[in-house]
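Across the two complexes that follow, chain A remains constant while its partner is chain B and subsequently chain C.
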Partner chain A sequence: MNLVSDNLFATVTRLEGKVSIVFDGKSDRQNPGEIITPWSEKVVPTLSGLDVDVDFRGLKYLNSSSFMPIFKMLSSARDIANNVHVRYDGSVNWQRLSFASLETIAKSWPNLHLSNH
Partner chain B sequence: MNKSQKSGLAVVLTALLFGLLYYQTRPPDEEGHLGTINSLRNARASLREIELEISNLQLTISENYQPLQASISSFDSSLEELPSLVFSSLRREVSSITEALENGSNQLAQYHEYIEDFQTANSNLIAAIIDGDTHAKMRYFGELYELNYNTHSYELSIAIDNATLRYNQAFQSDMEKIERYRLILYAWMVGLAIALTTTIQRLRHLSLHQESLVKQRTMDLDDALSELFGEMELAKKIQTALLPRSPSIRGCEVAATMKPADLVGGDYYDIISTAQGDWIIIGDVSGHGVSAGLVMMMAQTAVATSIRQGANVTPPELLAIVNSTMIENIRRLGEQKYMTMTVVFRDLSGSFHFAGLHQDILIYRDHSQEVENIATTGIWLGLVEEIDPKLPAGHFELAKGDALLLYTDGITESLAEDGQMLDSDGLASLLKSSNALKSVNEALSYITNSVENREIDDDLTVILIRG
Partner chain C sequence: MTQPMEHRFEIPLVWDSVSKIRLEVGVLFSSYIDEVRDRAVMIASELAENIVKYGAVIDDERVGFITVCLSDEQFSIHSHNAVGDIRHVQAVEAIIEEINDSDDPSKLSISRLRKLIAGSVDGPSQLGLLRVATDGNSDLSCRFGDTVLTIEAVHRDSVGDAA
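Then we have the complex of A and B:
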């Protein structure tokens, strides 16, 4: 159930009670939702009751159009998963700016956790 | 007559009787007999020669028959592969067959000529026999000759007839095949010519039809494009008309520019002066193009309306109002859009208050000649239903000689030839360098011209404010 597109990749690994999703590559398509949304619609229903770890630190670039489908995936995952832990690299400017909104939102979403290192 | 005379007479009569009998039953004349035998031998020799010639003739026919059959087989193969064969190859096959048939015909003519020679020789032989001996010899040897002749000539005749028949049958069969194949070939050629002519005509007709369709479609497309570009131009005009024409902020110099990546962009900036102070707004709708431009126009309307109606609204409150106004409309558009936005309010005392998550704010400090980087906080618009209007606001001052730079990611994400982004650090350097320029407009041009050779895939907006 991995995501494999021209530049963007996500590897899904399942352990006992936990799921790890690691993003890699870069998302610079004009309409990245065409790739991310169908994939997330398959993955998210399998996350029910699990602890989900989503790691964006390996991403080289994420354009502005890519954030919304990823945000919707995280939002849907949070609805059914036990906990969703998002990891990004705060020392990279575009990553810091991209996930700053999530930092604000996480304050009102108890099972969404972020770490920026 | 006494007894001894009678006995003598009986002996004499007996001798005469035996002599008479001997005379009557003596062998034929040796000389005539040998001549007849020689004639017969000659006739047999002639017949053997004839047999030999006939055999040779059969061999010749047989030898010619094989290549003829091979040629016909080859012709058959060629005809089966006719669609893929060139006509020259077929012509060579036909020529080969024709040549083989001509050879066979020549052999047959020679054979008939030989038969005539045989018959002439035969007649001469009979005449020689007739002229050479007695009637009895002639009849005797004539019978023998006739017996031999009939036997041989009959066999010969049968053999010749059979050979002739086989040859004629083969020849006829081959000719029929050739004729049949020729007819098939002609029919195929005629069919091919008709098919080709029909196909060419259809293709020509289709081509004309297609050309006509293409012309019509091109005209339709041109019309649609003209209409679309007309509408796009109109949208661009509307968007441009929404931008502040001569932006000004009390006690500051201001210069601003926006360069959309497409005809219609998703970047947004505005400067609105009210009795309470001056608002500087900058934002960026995700993506670019018409849909982003529409969201931008919604934002502009929502911001302008909210500021003018709510005299004492704070930056976080303004963002909360704009978010609640826009989010339903964005959903109705069916677009996965959101908007970064920072609103800065300069009160009448000269203090700046800001809120909203967008790019970092860069401030060139004249006293230190360094660039200060202030991170924006909050949340993007369009992500959640409600934004807390009590979110903390930031604050800064702008002294004389300081320069405030607000921008969208079109400039910080512009790429150098080596693929490196300019980033906020690179932009800070440009801001620092631009401060040497006297006018704010020159400084802005310096910054935007510095990234002209970089790869820019997004709308680009820069607002430069000098204290």
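Then we have the complex of A and C:
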């Protein structure tokens, strides 16, 4: 269930009712949705009722075309999971700026929480 | 104060050009603070993506150009490319007008993201130019003539004040 593409990787680990999804690499394809969306459509249905930790801190770069498929995956995950905890690195400029939008959007998503460290 | 420097990069219309411009602009801004360098790299990358996605042949060559103007105080990044489909020009003009008319482009960006997540947007996401205006802290303008589209992003703050 891991995501493995040319530059972008996500490792899914399950342990005692919790799921950890750790992203690594960079998402800079012309159409990243072609990779992220089919993977997301397989993973998200398996998250029902679980606590999910999604870690973006290892990502080196996200282009703007990646925002929609990634944020859509998080939106679908919080629809089905118990809680979704998103981690990004607030000390990295582009991560802090990119995830600021999600911070605002997530205010209306009560079971999605973000931490920036 | 030193004279402003202009650096012009050729962008072949292939996707590898986008990662290459990130490296080249990163090197160009290597002596600047991280925040300035990261913004410049992101702006150049987003504009280069537009060139590769929507660019057309110019003077019998499949290339566009990114130009970085850099002074002690400020920087700006311009993209130039021929456009084959006028609808792309109209879309760029529309989003830049919307950004410039907005009191807070970040609200525009969030509204756009919400619509994209809800699946209620047809056509291109337009998040690239919104990101340049918001995360890139830049004023945007564009002009179109002789089939060539120029998009200009002028960083708002002095590069010395950006930390």
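We take it that the second predicted complex is superposed on the first by the 117 of 117 C-alpha atoms of A that agree within 3 Å, B and C clash if a C-alpha of one lies under 4 Å from a C-alpha of the other, contacts with A are read in each partner's own complex, and residues count from 1 in each chain.
The rule is short, and it goes like this: contacts are C-beta pairs under 8 Å (C-beta built on N, C-alpha and C of every residue); 3 or more make two chains touch, one makes a residue touch a chain.
Worth saying up front: this structure is predicted, and the values here are computed from it rather than measured.
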| item | value |
| --- | --- |
| Clash-or-fit label for the pair chain B, chain C on chain A | clash |
| First (chain B), second (chain C), both or neither touched by A:4 | neither |
| First (chain B), second (chain C), both or neither touched by A:30 | both |
| Partner chain in contact with A:71 - chain B first, chain C second, else both or neither | both |
| Partner chain in contact with A:15 - chain B first, chain C second, else both or neither | neither |
| Part of chain B, among the options 27-35, 45-53 or 405-413, whose backbone runs into chain C after overlay | 405-413 |
| Residues on chain A lying within both footprints (that of chain B and that of chain C) | 30, 64-65, 67-68, 71-72, 93-94, 97, 100-101, 104-105 |
| Chain C-facing residues of chain A, complex | 28-30, 61, 63-65, 67-68, 71-72, 75, 93-94, 97-98, 100-101, 104-105 |
| Residues of chain C defined as touching chain A within the complex | 15, 18-19, 22, 34-35, 38-39, 42, 45-46, 49, 52-53, 106, 109-110, 113-114, 116-117, 125, 127-128, 130-131, 134-135 |
| For the chain A and chain B complex, residues of the former touching the latter | 30-31, 33, 64-65, 67-69, 71-72, 93-94, 96-97, 100-101, 104-105 |
| Residues of chain B defined as touching chain A within the complex | 284, 286-287, 336-338, 340, 357, 359-360, 375-380, 383-384, 391, 409, 412-413, 421, 423-424, 458 |
